[in-house]
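The chains carry the letters A, B and C, assigned in the order they are written, with residues numbered from 1 in each.
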Amino acid sequence: MDNQSLSLEELTRAVGGKLDVTEGGSSNEAVVTGAAPIDSAGPGDVSFVADARNLKSLASTRATAVILRERDLFEETDRGGTTLIYVDNPHLAMAKVLEAIRPTVHPEPGVAAGARLHETAVIGKKVSIGVGAVIEEDAQIGDRAVIYPGVYIGRNVEIGEESVIYPNVTVMERCTLGARVIIHSGTVIGSDGFGYAKEAEQYYKIPQTGTVRIADDVEIGACVTVDRAMLGETVIGRGTKIDNLVQVAHNVVVGEDTVIVAQVGIAGSSAVGSRVQLGGQVGIVGHVRVGDDILIGARGVVTNNLTRPGAYSGFPAINHGDWLRAQTISQKLPELRKKVRELERKIIELEKSLDQ
Amino acid sequence: MDNQSLSLEELTRAVGGKLDVTEGGSSNEAVVTGAAPIDSAGPGDVSFVADARNLKSLASTRATAVILRERDLFEETDRGGTTLIYVDNPHLAMAKVLEAIRPTVHPEPGVAAGARLHETAVIGKKVSIGVGAVIEEDAQIGDRAVIYPGVYIGRNVEIGEESVIYPNVTVMERCTLGARVIIHSGTVIGSDGFGYAKEAEQYYKIPQTGTVRIADDVEIGACVTVDRAMLGETVIGRGTKIDNLVQVAHNVVVGEDTVIVAQVGIAGSSAVGSRVQLGGQVGIVGHVRVGDDILIGARGVVTNNLTRPGAYSGFPAINHGDWLRAQTISQKLPELRKKVRELERKIIELEKSLDQ
Amino acid sequence: MDNQSLSLEELTRAVGGKLDVTEGGSSNEAVVTGAAPIDSAGPGDVSFVADARNLKSLASTRATAVILRERDLFEETDRGGTTLIYVDNPHLAMAKVLEAIRPTVHPEPGVAAGARLHETAVIGKKVSIGVGAVIEEDAQIGDRAVIYPGVYIGRNVEIGEESVIYPNVTVMERCTLGARVIIHSGTVIGSDGFGYAKEAEQYYKIPQTGTVRIADDVEIGACVTVDRAMLGETVIGRGTKIDNLVQVAHNVVVGEDTVIVAQVGIAGSSAVGSRVQLGGQVGIVGHVRVGDDILIGARGVVTNNLTRPGAYSGFPAINHGDWLRAQTISQKLPELRKKVRELERKIIELEKSLDQ
């Protein structure tokens, strides 16, 4: 549970960086045991500057070392007495520092006494299955996967190797998860899609006979819902990251390396491309396509196909710049209306003048 | 787990249709084992055309049979060599086909060894209760109901016959569910309503002493929250269908055969009528009434009583057509403002001319 | 489970009120066993009038007694034959009445046979731990806390005394909850924050090494997600109340006595002050500050720091009154555009007249 200790030399190696020990600063043998924002860091902490505007904090930080881009430093930058570690990508370096200093600790491999595994379930090597977890008939759990307590894994589900399923997640029958997938607590994969046939005034349930396929390296937040397809598959592509409380309806297909922020809703049969970013609380109506490399600003609503890469916002989502201009005026409508009324009065006066 | 095989004759009977075997097409003894969209269907699949615009796919489909409305066919329609099954309601027929081909498989009746039933709980006939499910004091589970693993059923809860409660659902004390109710995973029925008395600057919890009543044939999606009433009942009427991640606050009353799409929020004490449709991410403020046969477009916000049947959108929700017109202009406000500025300049010129 | 019986005298003492027995009305020995809205209350019920506009119901109510402010009564008010109980704060009195009439019943203290406690977990006095609950290594549960079935309490978590954790809640490692905290079902505390370093086109997970700290007297609704900090803490301040399906991202800090209505989303590293009210479905973007004593109307989006106390609405959130005026016009844009077109025509006519 405790943080690990690393010398600055070890740390520099872990991040693939270049160590610049300043006179009077920490030596390459100095040890860090924590990480902290630059203004609150103390001795024993490593910190980082990803945004050059924060370089001024270098002069006063108490961090043992600071990670930053060498090219962000200028002749005149006051680096105080801080030892620096140069990297190309400070965010990535910070990720690796945190991995090294505080490695994620999952439960030890082994099947807890209180877990319920169907006799036909296929459990890989070094898998951890917690108490109260249920693994149904013919389910397969890949090597080194971690299934936390209270998880439900339905019939014929496949969980890829090194995937981590946090407590109280539900994965319904026949859904498949790739390798290194992370699913946070409370999330539901493979609930029925929302589909009914109307019969007179009433709704008749259309069986949702498809599945959900989640590719490798996907991470899904807490209390997310991904519905199974009516026919075929609902798909989340490789490397895509989904935040909390997101709704992915039946037959939605999401591409690779896409980022979906909290509380987004994607309606049935829509397709979202690769390297897309959907801001918080965005909505995408059913049966539309959002192409690759598109950004939808927070709270936007996509009501039509969007194919050209770029940033979009608003309801319906339009070019982000256009939306911004319209939005600005829309909040000044009382002024615009006042102006129109003034013009009206002036015109009446002009008309009178002319009549005379 | 595998799909069932049905002859076209059996299938036609299951959907109450009329079989039209074409020369060279599949015979009435041909067997289908799957269902698929018309463009991706292969031999052994049945498909369907609900929208006459898709009839053109008939000529090239490889489906063994296609279900459609006879009246959608025209003299000139190229039906290829496909055997057709005529029905009045293709969506409904598809639902019945899927039921026949891939019947939903729930766990066998029986109480799992790891389920925890209070000794006073009343369990009907042929009930299935999964491992890790908890049934508290005086709860009643109707005949043929299915309680999946990890479900919590509180004290004095009643679950009607043939209801299905998916894994990790919570139903708190005294709530009642009718017959054939389906509740998907992660959903919470009967959490406390959000009610506080203000005492100086602080909030004092008002006990939420009421319950939730869910009528027959209701389906509720995953990660939905339905709060118990402060006094009395929160009610979901017969046949109403609720999608994922919806919030139903305390003392809300929803009518019958209403459809509530994902991420809708209905605030406290509001009433929603029968045959209403609430689009995705709609909000309804507290203490308002939405009458019968009303549609609220996606993302709309209802801030006042709506009584006249029809479609509404926007914030506040107004007549859908009016909203659409306003919305269109609102995204062209920069043009409108430019026009106003032009007019202003012209008026100044006119005034000058007159002064001369 | 049944309601308690209280005499009007006992009830009056419980709410710290003043009993006014009217001739022919219920005596101070009359007994109430229920509470109900004034128009549906019957004999044996106590009711209340918090809003003076509802005083007219006094004349016809069948309630045994009605709680209200003495100063709301006027000479001419027809109080019927109802016995009245005067208090300063009817809402608060109602809360106390409901507590007395229907005290919340939690499971008895004791650790259920089916609960799984790590041997190093520290369990206080009179704690109740339900079947299927999991308490991991070094977790601490305060005196008289109630942990319902299916709850997961991670390593080194601290739960304060008298806290109530409802079924199927997940609290991940190292998070701390104060005293008298209530967490409703399905909620997840301490899931990973949504943080990635971009490496070429792909996302590399930034370990979320911080925690969540929830102070005393906080109540959190159902299916809420509160992510752990990347570094440091995500904080919910004392007395703050959070409704269902709310997203609180990593490193968010919420002050004291703040109210957050359902489906609000607060993005990473933002700060929300004390005595703030966030209406339903509000969004707060990342890295902004909402000061003390600020109200954000339902569906508003905060995109910049707000410091001056007051009410704000809209996207971006502006002064509520200004927003209301703009909103009103925005729905009448077709009229405004029509007016502009009329003015345009008139100007053209004027120009012609002048040309002649």
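Keep this in mind: a residue touches a chain if its C-beta (ideal position, glycine included) is under 8 Å from a C-beta of that chain, and two chains touch if they have at least 3 such contacts.
No experiment lies behind these values; they were computed from the predicted model shown.
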Sorted by label, the chains bordering both chain A and chain B are C
Could the interface between the copies chain A and chain C be described as same, meaning over half of its residue numbers are common to both, or is it different?
-> different
Could you tell me the distance, in whole angstrom, between the mean C-alpha positions of chain A and chain C?
-> 27
Quick one: which residues in chain B touch 2 or more of the other chains?
-> 114, 132, 150, 168, 186, 223, 245, 263, 281, 330, 333, 336, 340, 343, 347, 350, 354
In their shared complex, chain A is touched by residues of chain C numbered 114, 116, 132, 134, 138, 150, 152, 155-156, 168, 170, 172-174, 186-188, 191-192, 194, 196-199, 201-207, 209, 223-225, 227, 230-232, 245, 247, 249, 263, 265, 267, 281, 283, 285, 301, 314-316, 318, 322-323, 325-326, 329-330, 333, 336, 339-340, 343, 346-347, 350, 353-354
Can you name the residues of chain A that touch chain C in the complex?
-> 1, 35-37, 40, 89, 91-92, 94-95, 98-99, 101-102, 104-105, 112, 114, 130-132, 148-150, 166-168, 182, 184-186, 217, 219, 221-223, 239, 241, 243-245, 257, 259, 261-263, 275, 280-281, 298-299, 327, 330-334, 336-337, 340, 343-344, 347, 350-351, 354
